[in-house]
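Scroll down for the structure; my scribbles are underneath it.
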Amino acid sequence: MSLTILQKSELSDFIHRLMPHYRVVGPVESNGGYAFDEIADPDALRLDYPTTILPPKKYLLPPRETLFKFDRTNGGYLEPAPQDRPTVIFGVHTCDLHAIQLLDAVFSTGFPDPHYLERRNRTLIVGIECLRPCDEHSFCKSMGTLTAEEGYDLHLIDLGDAYAVDIGTSEGHDLLGLYASTTPAKPGEMQRLNAVISEKWPKFPYRLEFDVSDLPSLLSLSAKSPLWAELGERCLACAACTNVCPTCFCFDVKDEIELDLRRGERVRIWDSCQLDEFATVAGGHNFRKSRALRQRHRFMRKGKYILEAHKHLGCVGCGRCARACLVDITPVGVFNELYRQQEAGSTL
Amino acid sequence: MNKRIDVHHVTRVEGHGNIVVEIEDGRIKECRLDVVETPRFFEAMLRGRPYQEASHITSRICGICATGHATASLRASEKALSVEPSEQTQLLRKLTFHGEILDSHVLHAYMLVAPDFLGVGSVIPLATSHPEVVLRALRMKKLAGDICAVVTGRHTHPIAMCVGGFTHFPKPAELENLHQRLVAARADVDETVALFATLHWPQFERDTEYVSLTKPDEYAFIDGEIITSDGARLPAEAYRQVTNEHLVTHSSAKHTRHLRQSYMVGALARFNNNYPQLHPRAKEAAATLGLKPKVTNPYLNSAAQVVEIVHCVEDAIAIIDRLLERGITSEQPAPVKAIPGEGVGVCEVPRGLLIHHYWIGEDGNMTGADCVIPTNQNLANLEADMLALTPLIAEKPIKTMQLDLEMLVRAYDPCISCSVHVLEVEPK
Amino acid sequence: MTDELQIFLPEMARIAQIEQLTALEKLFTIELPAGRSLDHRPGQFVEVSFLGIGEAPISISSSPSRSNGTFELCVRKAGDVTGALHRLMPGDRIGIRGPFGHGFPIEHFRGKDMLFAPGGLGLAPARSLINQVLDERAQFGRVIILYGARTPSELLFKDELKRWGERNDVELYLTVDRGDETWDGHIGVITTLFKDISINPRNTVAVTVGPPVMYRFVLMELLGKGIPEGNIWLSLERRMKCGVGKCGHCQINNIYTCQSGPVFSYRDIKGLEEAL
Amino acid sequence: MSQNGKPKVAFFDFTSCEGCQLTVVDSLQDHPDLLAAVEIVQFREAMSEKGEDYLVAFIEGSCTRESDEARLKKIREQASIVVALGSCAHLGGVNSLKYLHPLDEVRRYVYGDQADWYDTYDVRPIEAVIPVDFVIPGCPIDRQEFISAVKALLLGKKPFIPDYPLCVECKLKENTCLFTRGKVCMGPVTRAGCDAICPTYGQSCEACRGFISNPNETAMRDVLTKHGLTVEGLTSMYTMFTTYQVRETLLQRKNANE
């Protein structure tokens, strides 16, 4: 880890210099909240944002993405998808950094996914250290995502009138070298950094009533819990929870065609395991017909299946799904309830 | 001589109407426009609903003047509840209103009227014979629709308008984009004026009473006093003195009359009554088209629409300038100051004077509503025109007669789905 | 992006031949470009594209031992893509991706008695393995085939069934749920065939492919006969949108059917909450 | 099919505001090639020509009187494919408000009871009169969805109409949920496909596209009441476009209980 200092007054210039070469995105005010969006005016960037509705995932796995184009008249001539501009994402919280690491794992294991990986390779990530919880829904500390050792090219820590910049990769180093004016960290700034970091931790509460390392086994034991049925009663199957999730990656694939019925493209679009038709096959059989089963699948995936398949937990504690759910189905609530049920069961 | 013309469902008009003309021994026995649209009871439907829903329900009276109905509805509620919309709200409303007038006039002039003059049955053959004309019309219509979309989400059944203001605000970049496109559209507008200046309008004059809203300092579309070419001038609230709605047997729509047997509303009436307030470029266009108040050939209603196209484009540009200059703020809707209440909202929708009159109860629910629709006001006048025209053309072959009559009906741009609102509900 | 990395880009293949098997099923013979062979294993599937409509996973129905540079797909008209495939003619082109999934581990089956119990359309994938086994007949013990369809007219590959029935090294039992005037064979669901056969459970590999509802009952029979869980093989159907372990649709607990399957031994999946 | 190989389509209107037909006209702005893809043989609002030979009939508007039934049946006889265009045709739509006196019944719908309905010739969706092959929902229809549906029909596949809640699209729009802005919204039980245009423009969804086929009614009621909706408010939310559906569901429940 090497540290330099970027004065806040220099940030705007940094971004301006990036703009001819990169698509620069980051959190901006939107709709009474915040959203990651393309930055046209560096002053619109809000690095001290609490949270966003959609995570920065949308720049790596877009909600709708062309897989290839075709022309049916020309023997089905196929053309690979066009590429996005190289992108710098500013202001990624540590929970989202963890989520991106999971996505990296998902899309590079087995058949590597060229669409994701190409985009990922052309994306630089500038993280920002969280100094206070986004709101009452975040539970990053419990999930072990309140800090990130890797997954960023640059990482910013707010020291008041300057950012301490932690350089994570050589690409990050070059970006800074080419486009930003920074100064080496002075001893006073190192001290401030230490103070900032040590002050932040107590501000974050632990919200799980057990250690996260017990989560997979807790879920294994909970396959038959009555809680799933209860969640099934409440759930609207609206998919808000999965659509806002930084680690969800399920998708549907569709063909779109022009009116001439010749040219078209195959696209992938976000899908959700919470929707009725997600596991329905021809003939009408639905492998997860009830909302209860779908909720179980969701939480099992977050706390167990994904970990087993990709060595990362499928939940990073960002709290987005909890904020989005109209019927208050939240990971913290669910996991703690399962834990209490287990505790009660094992002491019977 | 015996002749019978029965156009069962006049095409290229909004809604269902039949022309019935019967000439027996050279005498006109029948001459009427039957409105056979199903009554839709909108006023009854409003009763008991929260006032916030009224504009959403009434916009569904008509897909073409949806924004007009919504605006009249909001103004009626606002008057009833003593709500005073901000300057920004008024500007945004005017802007989207211009979008609708443009959309409707372009649709009417190019797609419904022009085919008659170019000798085809619809705009579809025009796409091959006069592609540039059709593409221009589509381009202008798209711009018109986009104005509405930027301000209210969409033209047909606008979304972001509510009592007291808006629930969504355009971004400056979106307005700048519209501004550029409007300026660029002047070329299309000029072409439009030029095209319509070449058309040979049927020669037919019949003076009548022309009724519209009026405002001292602008060409009135939203709010204002009611004025008539016969010299009457009265506040909107007194609309019943003008409209005198009455039922006639052959129509599910109500007819109206004022000082004469009938009166006319719409672009021609506005043009005749408010010529001084037109934008200078619109006045130039009027000159090119050979229009000078007072115009008494009803076929020229379509030409007056072309003049209004010019006016609306110019005024939209001016409104956007003003909005950009003062900046757009995401303001809350203006508050309701009094409840219950009664209010009258008036607008000049594409087809003429539209009146919504609401009664809102203490609980915020509608207790009564009355809507007076331009097409209803025109029906009696249209029949009077038909009656005057028929003897003049009685010698022509029946096909030509029929076309002349149909063109007359279309010139009025009747909006028949709007016109059927038979059931009136007064507060008990 | 180089072409080898393209996991979603299909290859345009030619339909060499189409045979109408039943009212709903057609058999397509497919040729890859440049005479390339598909190199599949029995039990694998391909993703078939009709450009403009979409993709559908379809099992390879021919056996690798008979490839001749072509392969066969037996397609039931079930919706948009399959319906569109049914409207195609020989010479038309379709997109092919794959083969995907693990096939049957045939190397572990050699020397064993083979009991096949496909139901309905399940014969399509099973046929690939059956023909492979028959082509290497000497390497296997008994070959028993129990096949059931709903009605006689829905029986697939009737000519082939006939040929199998005529061989003296194949024990073929057919059944239909509902008979008709053309049918003088056994009537009843597939499980009613089991009581007539005796097997050596220690040396038998059972392969069953069929609709989800069938498995529970067939498994009861197979386990009842004493076949070890590790020697019972089935092929699971799931919705699939990518075939490459990404889209999430085919997930059963922590596994992706398209990658770890679609062929599984009962031992592998019986612990999975949602498998059967 | 006409001689040029283009399928012949016709547009018909019943009781409606004609906004959906207008939307069809509007869709030409972005897709003038529509005219090259199909041959329109009847479209009263926009053309005088009338052809009686058509493959696809797009029907706008509700059936509101007995005489409409004969006309609908004639169209059904001629057309191979009948598509209901917009809320009025699909659901009865805003027209069915006309008979909305029995607020009590709607209340019972929302609260899961059964109800007694009076019998009258009521406004009805066209599906209540003739079989409908496909529906393009919305008040008005969505231009894009209309074009996509035409393409699907041309290709011989079923038009894709989502059967999941509006919230799916609303989230992708990154709208702040109206429920957290102190409003209420029908999004969680309403069929998506409009790109959540009303919430995006700051207004509650009024369910103009109808309900999804498997709504969680109980949970929805709890959400609405938790956000302060009174019984009257609930009733009004459930009846803007869907009075007919609410009645039908109630009737079915009543019959099921008898």
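Every chain is named by a letter (A, B, C and D) in the order it is written, and numbering of its residues begins at 1.
Quick note on the criterion: contacts are C-beta pairs under 8 Å (C-beta built on N, C-alpha and C of every residue); 3 or more make two chains touch, one makes a residue touch a chain.
None of these values were measured; they are calculated from a predicted model.
In this structure, the chain pairs C-D and B-D differ in their number of contacting C-beta pairs, and the larger number is found at B-D.
Remark: chain C and chain D have CA centroids separated by 42 Å (rounded to whole angstrom). Taking the mean of the C-alpha atoms as each chain's centre, chain B and chain D sit 27 Å apart. Chain geometry summary: the mean Cα position of chain A and that of chain D are 36 Å apart. Inter-chain spacing, taken between the CA centroids of chain B and chain C, is 66 Å.
Contacts with at least two other chains are made by residues 254, 257, 261 of chain A. Residue positions of chain D touching 2 or more other chains: 155. Residues of chain C in contact with at least two other chains: 52-53. Contacting chain pairs in the structure are A-C, A-D, B-D, C-D. Only residues 52-53, 80, 83-84, 87 of chain C touch chain D when the two sit together in their complex. Partner chain C is touched in their complex by these residues of chain D: 155-158. By the touch criterion stated above, chain D contacts chain B in their complex at residues 13-23, 25-26, 28-30, 32, 35, 40, 43-50, 64-65, 68, 93-95, 97-98, 100, 103, 139-140, 197-198, 200-203, 206, 232-233, 236, 240. On chain B, the positions that touch chain D within their shared complex are 9, 11-16, 37-38, 40-41, 44-45, 48-50, 53, 56-57, 59-64, 66, 107, 111-112, 115, 121-124, 127, 134-135, 138-139, 141-142, 145, 152-157, 159-160, 162, 166-168, 365, 417.
Every residue of chain A that touches chain C in the complex is listed here, in rising order: 67-68, 70, 72, 75-76, 78, 80, 106-107, 109-115, 118, 223, 249-255, 257, 261, 264, 266, 268, 271, 273, 278-283, 285, 287-288, 293, 297, 300-301, 304-306, 308-309.
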